[in-house]
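Structure in structure tokens, see below.
First chain written, first letter: the chains are A, B, C and D, and each begins at residue 1.
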Amino acid sequence: MQRIGVFVCWCGSNIAATVDVVQVAQALAKEPGVVFATDYQYMCSQAGQDLIGAAIKEHGLTGVVICSCSPRMHETTFRKTCQKAGLNPYMVEIANIREHCSWIHKDKPTATEKAVILGRAAIAKVHLNAPLTAGTSPVTKRALVIGGGIAGIQTALDIADAGFPVDIVEKKPTIGGKMTQIDKTFPTLDCAACILTPKMVDVSQNEKIDIISYAQVEKVQGFVGNFSVTIRKKARYVDESKCTGCGLCTEKCPQKKVPNEFNLGLDTRRAIYIPFAQAVPKVATIDPDYCSMLKSGKCGVCAKVCAAGAIDYKQQDELITREYGAIVVATGFEPIGMDKFDEFAYAQSPDVVTSLELERLMNAAGPTGGTLLRPSDGTHPHTLVFVQCVGSRCDGGEKGKPYCSKICCMYTAKHAMLIRDKYPDTEVYVFYIDVRTPGKNFDEFYRRAVEEYGVHYIKGMVGKVTPQDGKLKVQASDLLGGRQLHIDADMVVLAAAIEPDKSARPLATMLTASMDTNDFFTEAHPKLRPVESPTAGIFLSGACQGPKDIPETVAQAGAAASKVIGLLSKDALTCNPCTAQPDELKCNGCSSCENVCPYGAISYIDKPFRGPNRTTLIRRVAQVNPAVCQGCGACTVACPSGAMDLQGFSNKQIMAEVDAICR
Amino acid sequence: MSQWTDTIRQISGVDPRKCMKCGKCTATCPAYDHMEYHPHQFVDMVTTGRVEELMASKGIYTCLTCFACVERCPRSVEPAAIIEAVRLAVIRQQGGNHMTPDQIPGLLDEELPQQAITSALRKYSKGG
Amino acid sequence: MQMNQEFKPTIVAFCCNWCSYAGADLSGTNRLQYPANVKIIRIPCSCRLNPMFILRAFQRGADGVILCGCHPGDCHYTTGNYYARRRMTLLFSLLDYMGIERQRTRVEWVSAAEGAKFAATMNDFVDTITKLGPNRRLEDLRCKSE
Amino acid sequence: MTYSYFPGCTLKTRGKDLDTWGRASMEALGIHLEELPQWQCCGAVYPLAKDEIGSRLSAVRALAAARDLGTPLVTLCSACHHVIKRTNYDIRHDALFRDRANNYMAPDTAYQGEAQVLHYLEVLRDHVGFDTLAKKVVKPLTGRKIGAYYGCLLLRPSKAMAFDDPENPTILEDFIQAIGAQPVFYAQRNECCGGYVTLEDPSLSQARAGAVLHNAAAQGADTLITACPLCLYNLQKNGGKLPVVYFTELLAEALGLKEVPV
């Protein structure tokens, strides 16, 4: 018989306001095996933990039940507490009487009754707990960063700085991400390229960092400390080791009409191309959708002009498999498509552009050389209308996103300010719902746009844009002025909502990392573990976790790197001891468990058993590798003879909980 | 809060509290210049219980029911449904009909489609 | 039907640790109410649910049992919820065969972000079971002879 | 191929051109539109009030009749299409309305939204196909610049109507291309013409119709086509000089069924 101690936490008033904690402790004290029961204000505090430790020693407890918040919150805390007091940490069970009880009920007697039942179930389970000892597994001291934007770059640089090798996988031909397309950055107005390109060079020159560009993660196996990742490096039809990046091929290629994605289709490039002058790696890539040599076998101009002999039309995709201890997701964001918002005439007029397109139209390396010109006729625009929140803060799913995209208020203020600064003859209108500028020097920046640069901020929304007679007729509301405005604009700029990159969802599935309903990666704890995924060994950097501006992204990138460094500094990791174990006497070697195991943790051995009359029988029985088993329990249900059971969540333990609840 | 607020919410099946006051309905409204109150004000006045003022306004007969506000509202508020609900709250009162059958002959012209008359009568009178 | 006003069903909810248990936590964090009849048992994955646990619950007087797991494709262990789905389909036919109303067992996918869905699901389930009335208790004759 | 057909009141009187040429053209394309027996008014206007059950019943009746015949229900008038399509959507998505409507009407078999409601244009697009239509054109309207006027009722609310992209529709433009003319895109094609208040506030109707026609003319249209009798009436009466005709008239011209007016 176990000697069980029950500890009921008030959690201040979080539990105690709705659950009569004293009554719960008294009721549970009467349960069989309970030798001690008490309540305390904050069981997770130092004093609370000391109380538990003292009780374990004083009453010789062999099992502990803590009625408190969710085990996802403090299970680890209380396990450590008990371990310090000499109790096996797996002799602790938590009854969740906060998230699953006090917070969801209002009636005190009802909540108290439920808390008692939850406590009773935990007591019933702990009766059947057995001490477990965690094994260890080694750590591969190399990290993988998925995504080579500013988030991935910063994470990789920081990890490499600590001395660990890092690979960056980037799906585009160059690293740099969205920041390469941005002209100036708020609120300082320093040029994005001037601060980003030196970092890109640092990455390429760092001996610890390996850039795998034009590549995608194809398969992920293993677990924290021991991932095995297969990366598909797409054929770029150019030998990276030979190409000098001279760019001659990109000038001579006869296929000139390829939409240039770097400039968001505002101009064209060749079929063989280097995305931009500062690309890293600075290597040409052939676009197989447009190259006539690859499509029809005719042409070959680039191979002829290439002095280095780097062109290789026969190049194939390459699969690279490497081992990693930690994986950082830095897949970033995309602006949403504007096809569902054609009341703004985006599809009807080239003069209606998104904010990112405007960045290219204002960038010295962009299609207009940095002079702001109307895409339709190349003339200088005099009246510009900015529309905020296009697709952000929407209800009802299909059309837009329910969240605030966070960065639009500031970049719109920046655009408006830059345009007014460079072209004082313009009138700039910004239609906003709310101006959201929390951030250092952010509101001051927005006020400068209004006060110094004379940008017209109008609270209201644009309802319809009608292209007519070479103008964009904008119909909008001015809510504070109480009128409907009609503005003849030359350009309309849409602040499109941002969403996670499309590659994030399939990647999350491969990583078994959870996502929210908007496809942003979920953090292990929204406040206390913001750069870790709930899946051990997976870390989050940048906008893949939620909308972020550059300084926030860089800060989070550094934080993710420090978590990775912490992990890679360890030589071994403690494994989860709640693994499957077969009862060899019941096992008939049928392989049912092996077939359902997603980790390949189960193998078979031929084992001698003592038979009747001193004979020896050799039987095939299952064997679980505890370092590989993740403890899902699939095998326990698949086993036809009931031989397989899961430690910590055994059949008997769960049945005991069922019985206690239904009693 | 006026008793009418609940009535309007019931008739329209719309929750005006979802409104984030962006004004897109009013921006998109083709009848703006002819209205006393504008779509976003309808929504706001229902939320804040000023329904009687709305019921007294001629503007409730100006809505074109073109659904532009319904389609473009980012929060699925459906201002047009709220306007119709206010109109119905008036019409359903005794003597509240905005149009009676005997007015019709005077409105007819050769080309006017039947559908226009039928719909006007149905929209503007009780049990039409 | 008179007794329905008094009837408070006993409901066991099995929640996988990674998605649905976290979803239940979130509905608590957001203070979303659902009836106290629902008692949650944490299991590592929906595939840990042995159909025997459900039969046992019905033997011991449960009026409804619900299994919640990660959405298909989102399982923390990659494929666990697919196993669970297949097993539960088989169990449903068995329960049909035994004459236990279909509505008394349910499978729902609730992610860690769907606190509202968790609460709504539980409200709906409790409502359904309350309308159905008390379960015909399964009996384990071995226990009776004791 | 036979479809059930709901013409509606206006198509039998003021809007005969929409109906006559619509039917003749479908016959020529090998599709017979069989008038729903004993059809009644569609209800003329869709009630936005959730508690108005009675005014949606005539549409339910038409839907149930089409369900019994087992053929899709084709409509042509925008207003009829709007009312019937949305009522069908309500039957499918609003359990309370479904129950109450069936309680009122007590049909032999409860109507659960089984009928498929198609607009004439959807039949052209999805069943005939604009490519096939283009091949059957004998008198292509080459050189004509035609603006499509969608109005409100066909497109919105898009969730229930599911007709085309509500902000950037193309079905009528594809149709115009199929009959050999050049479509003219203009932003006001899906904005209201003001027809709804033609009895209540003619000045508003005039302002709206003027805006639509001006935008179309500015983008180079020589003719507008529509599927709505009220839009046609209003644009002609309150608009300007730009001719407005039913799309079925041009279809019949292109198929060689109707004399091209000189």
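In this section, a residue touches a chain if its C-beta (ideal position, glycine included) is under 8 Å from a C-beta of that chain, and two chains touch if they have at least 3 such contacts.
For clarity, every value in this text was computed on a predicted model and none was experimentally measured.
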Given subunit A and subunit C, the chains that contact each of them: none
Between B-D and A-D, the pair joined by more C-beta contacts: B-D
Whole-Å gap separating subunit B and subunit C, where each centre is the average of the chain's CA atoms: 46
Cα-centroid distance, subunit B relative to subunit D, in whole angstrom: 24
Junction residues of subunit A, two or more chains touched: 343, 464
Interface hub residues of subunit D, defined as touching at least two other chains: 167, 191
Residue list for subunit B, restricted to those that touch at least two other chains: 33, 68
Category of the chain touch graph - line, ring, star, complete, other: other
Pairs of chains found to touch, sorted by chain label: A-B, A-C, A-D, B-D
Complex contacts: residues of subunit C adjacent to subunit A: 10, 12, 17-19, 21-22, 24-25, 27-29, 31-34, 36, 39-45, 47-53, 56-57, 60-62, 70, 73-80, 83, 87, 111-114, 119
Sites on subunit B touched by subunit D in the complex: 10-13, 30-31, 33-34, 61-62, 64-68, 70-71, 78, 80-81, 84-85, 88, 107, 111-120, 122-123, 127-128
Contact footprint of subunit A on subunit B as seen in their complex: 18, 20-29, 32-33, 38, 40, 68, 72, 74-76
Subunit D residues touching subunit B - in the complex, by the definition given at the top: 8-10, 13-15, 41, 43-45, 47-52, 54-55, 77, 79, 152, 155-158, 166-167, 191-192, 194-201, 203-204, 207-208, 211, 229-230, 233, 236-237
Residues of subunit A defined as touching subunit C within the complex: 70-72, 96, 98-101, 103-107, 110-111, 113-114, 117-118, 121, 508-509, 512, 514-517, 522, 534-535, 578, 596, 598, 630-634, 636-638, 646, 649, 651, 654-655, 657-659, 661-663
